Structure formats: C-alpha cells, structure tokens
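What follows is subunit A paired twice: with subunit B in the first complex and subunit C in the second.
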Partner chain A sequence: MAEIRFEKVCKFFDKARIIEDLDLTIQDGKFTVLVGASGCGKTTLLRMIAGIGPATSGHIYMDGKEITDVAPSKRDIAMVFQNYAIYPTMTVRENIEFGLKNKKVPKAEREALIKEYAEIVGLTEYLDRKPGTLSGGQRQRIALARAMVKKPAVFLMDEPLSNLDAKLRVQMRTELIELHNRLKTTFVYVTHDQVEAMSMADVIVLMNKGQIMQEASPEDIYNDPNNVFTAQFIGTPPMNIVDMPDGNKMGFRPEKVKMSDVPVQGCYCHKGEILTREMLGSETLYKIDCGEYTFMVKTDKPDFAMGEKVFIHVANEHLYFFDAEGQRIRKTDGENQYAQLLQNAGGMSNV
Partner chain B sequence: MSDLTLQRQAKRKLNGKFIRNQVFSWALVLPAILFLCLFTFYPMGNLVHLSLYRGNITNPYKTFRGIENYLDILVRRPQFMTTLKNTALYVCMYVPICLSLSVIFAVWLQKARKINNFAQTCFFAPHLVATISSAFMWSWIFSPESSGIANGIIKVFGFNTHNWLGSSSTAMVCVMIMNTWASIGHHALIFLSALKSIPGEVYEAAELDSSSAVKTFFKITLPLLSPQIFLMLITMTTNSFKIFESVRQMTGGGPGISTKTVCMFIYDNAFETNNTLGLAGASSIVLTIILMLITLLDFKGLEKKVHYQ
Partner chain C sequence: MYQLKRRFVNYLPNLFSDILKLICVVVFVFPFYWMIITSFKTYGEAIQVPPTLWPKNFTFIAYSNIYNMGINFWQYAQNSVIVTAGVIILQCLVMIPAAYSFAKRQFVGKGIAWAIVISALMIPGTCTYVPIYMVMAKAGLIPSLWPQIIPHGCNVFGIFMLRQAFKQVPDELLESARLDSATELQIVCRIMLPMAKAALITICLFSFIGTWNSYFWPLVMTNNDKYRPLTMYIERVQDADVGNKWNQVMAANVLLVGPVLVIYLFASQKIIQAFTYNGVK
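And now, the complex of A and B:
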C-alpha cells in the first residue's frame, strides 16, 4: 500500500508541453481513475509513476520518499499495459514467472505463487500455452496475473480493457473491482471512458490538456461539477449548456429534464420539437430542437413521437450555473447572485 | 422454363466459371513454371547427365564414365575433399561471426540517434559495391608490404609485418573479414526492421519486471528475432558455401590450395583444365546435395525453436 504525491511536475516532449506544474495526491489503498480525452496527459502521468517516462521537472513521492529518479524495478509497482505487453515467446507460466525469477524468488515459492494467481485469474489450465494461442481476454488475464504476482504496493493500469469486446469489458470491470476489494492496494487506472471511470473509481481525477479539472468521488463529480468541462465530460449524454444573456452559462443534465404537453410555471421551461427518439429500453433519449439550441433529454417516458411539439422544463434545484470562463457558480458563492441567476434562467423560458 | 433447363443453365454457367478460373490461374503461374523449368530443372537434369561423362566445353559427352567421376572426387583424388574442408571451415567462421555481429549491430542501430542513420548508411554502402572490387580493395589492405593498411596498423603497435594473404593460417580469415564487411550492413538492416516491429511496451514491461539488459536481450529480443535469424542462417550458409570471386581475387586459392573452395574447384575443372567437365558436374551435384542436407538439418533441428507470431 502506498500514497503517491506529485509536486510541481512538468513533462515536455520536445516543445510540446504535455503537463505543467501539476500537483496531485493519489490516496493510499484507493481505486483512483485518471480520466480524460486522448492526449490529455493521463498516460504520461501513469508512466511517471512507473518510471518508464520520467518527468521533465518536479518531484514524485511514494509514501513520502522521493522516487523521481528511482529505477522502475525498484519502485514496488506493477503495470498492466493497454496492449498487454506480454512476452509472446514465453508460455503463460514463464510470463508470470519472469519478474519473480529476476527478483531471485526461490523456486518453490515461485511455483506456489504462480499456482495461486493462475487460479485467481482462471488460467490454470493454460499455464503451458503460448499467449498467441489465447484470446484477448485471456491475454489480459496473463498481464493481470503477471502484475499481481509481484504483490506490488501500487497497481498501474493503462486502459487495460480497451481492446476487449463490450461484454468482456463489463465482466472484467467487476472483476477488477473485486480484485481491488481483495488486495486493498492502491490502484491507478487510466481510461478515456467515463463510464468505466464512474463504475470503478473511488476517486476520479478528470484531466484536460495536462491540467486537473476536478478530483472527486464519482458521486461528487457527477452531482457537483466544478466547471463546464467536467459537467460535459461526465454523464451520457453530456450536460446541456446554454449561454445566458448576462454572459454566464446555465446547464442541466438530460436525465433531470421533464417533458409535457403544456408549459409549466416557476422553472426553466422551453418549447421545442422532437428531432430524434432513441428507445434504449428502460429509458428513452430525445433530441429536441428549441430554436437556438438543441437539447438532449433522457426520460423513462417512451410515448412522445418524432416531430411532436413538447415543453421541456427543469426544476431550479437541477440547474447549474457557470461563469464566462466555465467555472461553477454555487449557491455558497453568494445567495443574492445565485437568486439573480435563477431569476434570469426563469426569464429565458420561452413558452 | 422447366426446372431441368434452369439446372442445365446453372451447371453450364458453373462450368464456364470453373474453366475461366483454371485458365486464369495457369496463365498466372505459367511464366514462373517456364522459367523454373528452363533455368533450374533442365540445367539440373543436364548436370546429372554431364557428371556421368568425360569431356570438355566443346565436346561434353566424349566418353561415358558412369559413377567414375564421383569416385574420383570423393575417393581417389583428395583435392575435392580438401576444398570442401576449406569451404566448410570458411562457413563455420563466417556464418556465426557475421550473424552475431549483424544482430549486435542492429540492436545498436535500433536507438534513434543521429549517428545511427549515418552509421547505417556507412555499413550498408559496401553491400552496393561489386564483390570483385571489394576484394581488390581488401587485397591492398592486406598487402604483404608495409604499404598495406593492416601491416601499417600493426607496425604502429610495434609488431612485425605479416604476409596476411600469403599465409595459410590467416588467408581464409582475411577473406572472411572482407565478406563480413561487405554484407553486415545488409544483414543488420533485415534484423533492424524486425527489431523495429517489436512493441516498445514489451521492453517497458521487462524493465518493470527487473530484467537486466543482457537478460532482456537473450530472453526477449533474441527469441523475437528467431524467424529472421533462422532465415538468415539458411541463406548465409548456402550462399557462403558457394563463395568464389572474393577468394579467387584475394588469394587465388593459395597458398597452395589452402584457401581453394568447392566453387573454385568446379570452375577450374570446368574451364581451366581439359577433359574434366564431368568432374565439375559431379562436384556440383555433390555440393547441391550437401546444401540440401544442411538446409534440411537446419529445418529439422531449429524450426521448433523459431517463434512465429
């Protein structure tokens, strides 16, 4: 178990500044997910922890000890790569055993460990097979076993599920959660998939262009976003955002919108026409044309039809406000200002 | 239309398609087959025929000798066996040295450094020079007088000059050095392209697994290069068994016949001495059989160790 702390960390590739002056603490024993779009620096951060992509400047600490210049093999970490990075010429057993052999673990102990972890990942009967003869999911399990067998203080995972099919991905997701519960070590998981992040994380670190946009639990990051970027990145479909006449922005989640045939007073209400309708089973997704904006609405009511004229309305407690720079304006920032924003939102209603 | 007519029509259509497919396929492979027959199988057959006669270029089939030519080269006259031994010695030196140097060189070139592009070009350039020209140049380098670069260098270190190509203990080594110099860039390039296809993540995983550089090389890089190494082993072995012009230029087979190779023996018997064309033919057949056996042994012994993706 270990806590990892970044202090004023920078990473440049030639002239491209990927990460600048980043401070972050990854908590001991937590399942932390670094999430963000491609190129936001999340994998770069993970590679810094592993020591295979050193920081250009700044310091990295593990349990208070500086590891910035420590060799990868001396860091007590294990990593699962996006493309598994298993050794193709070795059997499953040799793959799992390689790190142990290098660390001069006695043979009897090695055998016991291989047996134990092969069983955990369900590869016992494939131990003498070459990875080339196994499926993608099984190869991913080799990578997992190879990482687990080292009993590291920190587990690093770089989009480990992105090459698996949808069904297997969901299955592996729950297996990883179980694994974390069992091992209770620090997990750092990189993904671009916010659903993956929401479903597995204790803590989500949302990144954009090398900066941390928000660091919070899945509940907080969904219910209480710090900025427009977070509000739109987390949640499917993303939050609807409207520019207000006073230069601020207003947002509301598609799943908080109500639809009706008649206008509703005392909240933000707008008339519109249904452009598309996607029936997803338990809920239905509507794209609604409201003149200047098109809004996404997610509701459990499937009985509206395409082309139908409807009214959408959002209760005041489900409205979010952001300033012109996209930073959140909360009620706690000033009651009067907030009341004014609510009033302005009501004024934007068009029935 | 009745069902029967429809069936007939369908069958005719299918037949037409089958014939068209056949004609097209044969048209595609025919040129290759033709060339193979004309330039490989016919000469091979002819060679076997030739090896059973006594004759020369103008009259190859003077008198029938049966297997006498074979008995001559394999039993009665020791020269063929000596040249075979010389050639085998050369192959045993050249193949492992050139192969391992090529791999090491490729590993060194793998890292993206500015000097590497330059080095790659430098090492590849000799491959573009005609073997005979390279051999000429290296004859000067190994010249027995002190004007030779090799002698010049050892003189700097206080050693006596040496007759490199005139001494039976060093002549073959000099030929090997020249041929290694000429081909290392080409071989390294093949290994380099294979090395570049190995994903970097595998090496990073090895680094995280506390693997030392040497261990990573032997346990990961080398096994992943095995298909290329296997291919190069076979082509280098067969090609170096056929070594001819570099030896002919640098040593002329001397001193004595200490560097004379099988191909030189064949050439001499075919074109230099009278009425020994059949001996040359028999020697060629024996060489072909030896090469086939070596290739077969390589496949039997090593193919299981080769890792194909």
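And now, the complex of A and C:
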C-alpha cells in the first residue's frame, strides 16, 4: 500500500522537454490509469516511479518518503513491461523465482509462493517450460506472476495488454480488475487506449504533451470534461465540437444526439444528410454532413439510410461549452453567461 | 519416369554449386585425411612413391616410437593445456565486463574508450613481440608460462563480438532484473551471458584454436623445454640428421590437432548460430 506524489517533476531528453513542473498524487490502493497519446510522457512518469528513468529535476515521494534517488530494487514496486521482459533463457519457474532468490527468500517459502501465484495466473502446468514455447497470453501471465510474487506496495504496468489479440485483451482486462480487487494495492497503469482506461480505472489521469489535462474518475472524466482535449480524447467516437459565433466552442457527445425526420424546437437542431452508416450491433454510427461541419451520431436506431435527409437535435443539458482556449465553461461559472451561451446555441440551429 | 525427369530438371541449377561444395570439402578435408593415415603407416610406406591412400600395414609404430624418443610428451601437453585454459579464463574475465559496459552502461568517455579498444585491432601482432619480450624479461617472467598467458589476456575482437551480442538483449530485461533486485554481476551471469552463449562459445573456441596452435609466440617467449607447448614438441620430433620420419611427425600432429577437432565438432552448431542472425524468437 502506498501513495505516490510527484512534486515539480521535470524530464528532459537532451533538449526536448517531455515533462515540465508536473504535480500529481497517485492515491493509495487505487487503480490509477495514465492515459494519453504516444509521446505524452505517461511512460516516462511510470519509469520515474520505478526508478529506471530518473527525473531531471523535482521530487518523488512514496508514502511521504522521498524516493527520487532510491535504487529500483529498494522501492517495493513491481513492473509489468509492454513486451513482458521475461527472461527467455529461464523457465517459467525460474522467471518467477528470480526476484525472490535475489531477495534471499528461503527456499521453502519460495516454493510455496511460486505454487500459489502460478495457480492464480493458471500456469501451474507450464512451470518447467521456457517462455519461448508459450503463447502471448501465457507470457503475459508470467510477467504478472513475477510481479505479484514480490508482493509489492505498488504495481506498475506499461501497456501490458497491447501485444495481445482483441479477445484476450478483454479477458485480461477483467482479470486485472479482479486482481486489483483481491490485492487492494496501488496500481499504476499506462495505456494509450481510452477504452482500457475507462473500463479499468478508479482514477484516470489524462495527459497531453507532458501536462495533466484532467484527473478524475471515469464517470467524471466522461460526463464532466475540463477541456476540449479531454472531451475529444475520451469517448468513441469523440465529442462533436462546433465553433460559436462569439468565439466560444460548443460540444455534444455523439451518443446524446437524437435524429428525426422533422425539426424539433427549443434545443440545438440542425438539418443534415447521412454520409455513412456503420451498424455495430446494438448501436448504429452515422456520419452526418451538416454543411460547415460533419457530426458523428451514435444511436440505437438503425433504420436511417445513407443519403437520407435528417434533423439532429441535442437537448440543452447535453451541450457543453468551452472558451476560446478550450477550457470548459460550466453553469456554476455564471448563470447568466451560461443562459446566454444556451441561447446562442439555439440560435445556431439551422432547420 | 516423367517425375524422375522433373526432379532432375529441378535439381540442375544446384548441380554446379554442389560440385563446387564437393571440391571445397576435398580441398579442406584431404590434408587432415592424409595426416591421419600417414600416422598409421610404417616409415617405408610413408615415403613410398606412388603413395598409398590407405595403409597396407595399419600400425601404431609411429606413436610408440615418438613416445619412446625420450622427449617428455606430457610436460608439453600439460603446458599447452595450462596456457590455453589460462588464456581463455583471463580473456573471459577481461572481455565480459568490458563488453557489458560498452554495450549497456553509460559512462564518461565511453566513445573515446571504445575507439582506443578498437584501434588495438589495427596494431600488427608482429610489432609487439620485442616490446613484450622485454617487459617480460624485465619482470623476470621468462622462465614461466606467464609470457604465453598475460599478453593474450585482452581479446579485442572478442570484446567487439560480445558487445554486439549483448546489444541485442533488450534494455527492458535489464530494467526488469534491476527491479527484481539483481546485482550487475547477476544481470551479466544470469541474463546477458545465457542470451549471448553462442557468441561467447565461438569467441572462446577461436581463442582456444589460436592459443593451442600458436608456435612462434612460445618460441620467442621461452628458453626452456619445461615451458614449451605441444607445437614445439612436433619440432622436437622432427630429426634433421637422418631426415624426417614423416609417419612420426604426422602422429605428433594428430596428437596436437585431435583435441581441436573434437571440440570443434561439439561447438560447430553454436558457431553457426553466433554468425547467422536469428530473426525468429
């Protein structure tokens, strides 16, 4: 169990500034997911926690103790790498045992631990095989067992599911959630996949260009985004964003849009023509040409055809407003201003 | 019939290369064959014209003759074994840490240090005889086996090859090992070396052959039969007064080359592995 705190952390690679003056607290016992596009600094943060990629400046604390310059082996952490990083010349057993042996755990205890964790990840019958003879999913489990057996205070995972096929990924996802529920330790998980982040996290930390865009629960980050970047990064397809005449921006989620054959009064409503239609099973995805913009619409109504003329409308409570810099304008920021924005949005309707 | 013809037509492009391979095999293998069968001939048959391709009287007389010549074979053999083992052990002790730090560690002056190491490859070995002899003589080491071991302790080509092999080990493995509380020594011994096994075996084998067969170096560096290796034993077996007893010279050669052949046969698979890039994990 451990809380991790970053204080004014910077990381430069040569001249490139990857992370600058970053402050972040990762809560004890929570499943925290660092998510963002490639190169946003999320893996760099993870490697700082592990101690294998030290910060250029700033401080990192674990449970209040500074660990900025502590050796990786003395940090009580375990890490699962993207390519698993299991030792190819050792058997599964030796892979799991390696860290315990180095920590001078007695043999009898080691045996018991290996047996216990091999069972948890379902590798008991493969203990004497070399990793090269196992599948991707099984290798992933070796990496997990190797991390778990050390009983660390913090689990670090660097895109551990990205090398698995889609079906296995979904399965491992639920297994990781169960694992977290069982161990109740701090998990820090890095991914670029927002679906993974949404489905697994207690707390999502969304990053962009070394900055934290928002830190919130999946529900909040989806329903109450702080800025345009967050609004567009989380959710598939991303939020539709429209420039307003007053310089602000308006956004609405594709799944909150209603479609009809006739215009609707009292909300944002726009006529358009269906460009593409993707049937996804329970939902259907439409791309709609509304003149200046094309909007994505996700609805449970599959019965509109390509080329059909329709009206889209979004209820006022599903409209989001952002200022010119992309920062969110909430109702709590000023009732009058918000009412004005709503009125402007209604004025943008085109029927 | 048709199938036979098709197989022949398909094979035709390979015919030429197969013939070349066969010629190569004969060129390389025949001297060994000749050495071995001559060692089992009598002296008369060994110098007979036309020569025989297989001994008429298969005999061990050459071996027993050289054994009874009054030259202490075992002393020479022991020197060869000690020198060769010493060189290989010393080379490993120098080469493995050097290759590891050049491949995986960052330190100040790494580029310059590497350039210096590599530039050692450009110095012709013959230039080093006299200076090294003088150093050894000044140190009072000439009446010992050390002059045959110490100067070969640093195998630059070996450092180069092993560094390449170490570079192929992903950094994540090392990071993972560090998280697993492994020391640098454990990382090298448990992770790096097992993954670079083929390269290491190849380097050691080359060192073995080079040291085992070296003749001129021990000739310069020794002044007493007590410290001379097997290659110089062959020289002793040759008798300049009555002409060479070729069957005996060849018998001595078999004794010299035998261990190399045996070890090479065991290690050849590893050598091929080390020299061909293995793309399949």
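Heads up, the rule we're going with is that the second predicted complex is superposed on the first by the 351 of 351 C-alpha atoms of A that agree within 3 Å, B and C clash if a C-alpha of one lies under 4 Å from a C-alpha of the other, contacts with A are read in each partner's own complex, and residues count from 1 in each chain.
Here is the rule we use: a residue touches a chain if its C-beta (ideal position, glycine included) is under 8 Å from a C-beta of that chain, and two chains touch if they have at least 3 such contacts.
None of these values were measured; they are calculated from a predicted model.
Student: Would you sort A:Ile77 into first (subunit B), second (subunit C), both or neither based on which partner it touches?
Tutor: both
Student: Determine, under the contact definition given at the top, whether A:Pro238 touches first (subunit B), second (subunit C), both, or neither.
Tutor: Once the two structures are laid over each other on A, A:Pro238 reaches no partner at all.
Student: Could you look at A:Ala85 and tell me whether it touches subunit B, subunit C, both or neither (first, second, both, neither)?
Tutor: In the superposition, A:Ala85 contacts both subunit B and subunit C.
Student: Going by the contact rule set out at the top, does A:Gly132 touch subunit B (first), subunit C (second), both, or neither?
Tutor: A:Gly132 sits against subunit B and subunit C alike.
Student: Once the shared chain is lined up, is A:Pro263 touching subunit B (first), subunit C (second), both, or neither of them?
Tutor: Once the two structures are laid over each other on A, A:Pro263 reaches no partner at all.
Student: Let me check the overlay on chain A: which residues of subunit A are in contact with subunit B and also with subunit C?
Tutor: 50, 52, 71-73, 77-79, 81-83, 85-90, 98-99, 102-103, 132, 146
Student: Show which residues of subunit C lie in contact with subunit A when the two form their complex.
Tutor: Touching subunit A from subunit C are residues 170, 172-173, 175-183, 186, 190-191, 194-195, 197, 281.
Student: Under the definition above, what is the set of subunit A residues touching subunit C in their complex?
Tutor: 50, 52, 71-73, 77-79, 81-83, 85-90, 98-99, 102-103, 132, 146, 150
Student: Provide the residue numbers of subunit A that touch subunit B in the complex, in ascending order.
Tutor: 50, 52, 71-73, 77-79, 81-83, 85-90, 98-99, 102-103, 132, 146
Student: Give every residue of subunit B touching subunit A within the complex, in rising order.
Tutor: The contact residues of subunit B facing subunit A are 199, 201-202, 204-212, 215, 219-220, 223-224, 226, 307, 309.
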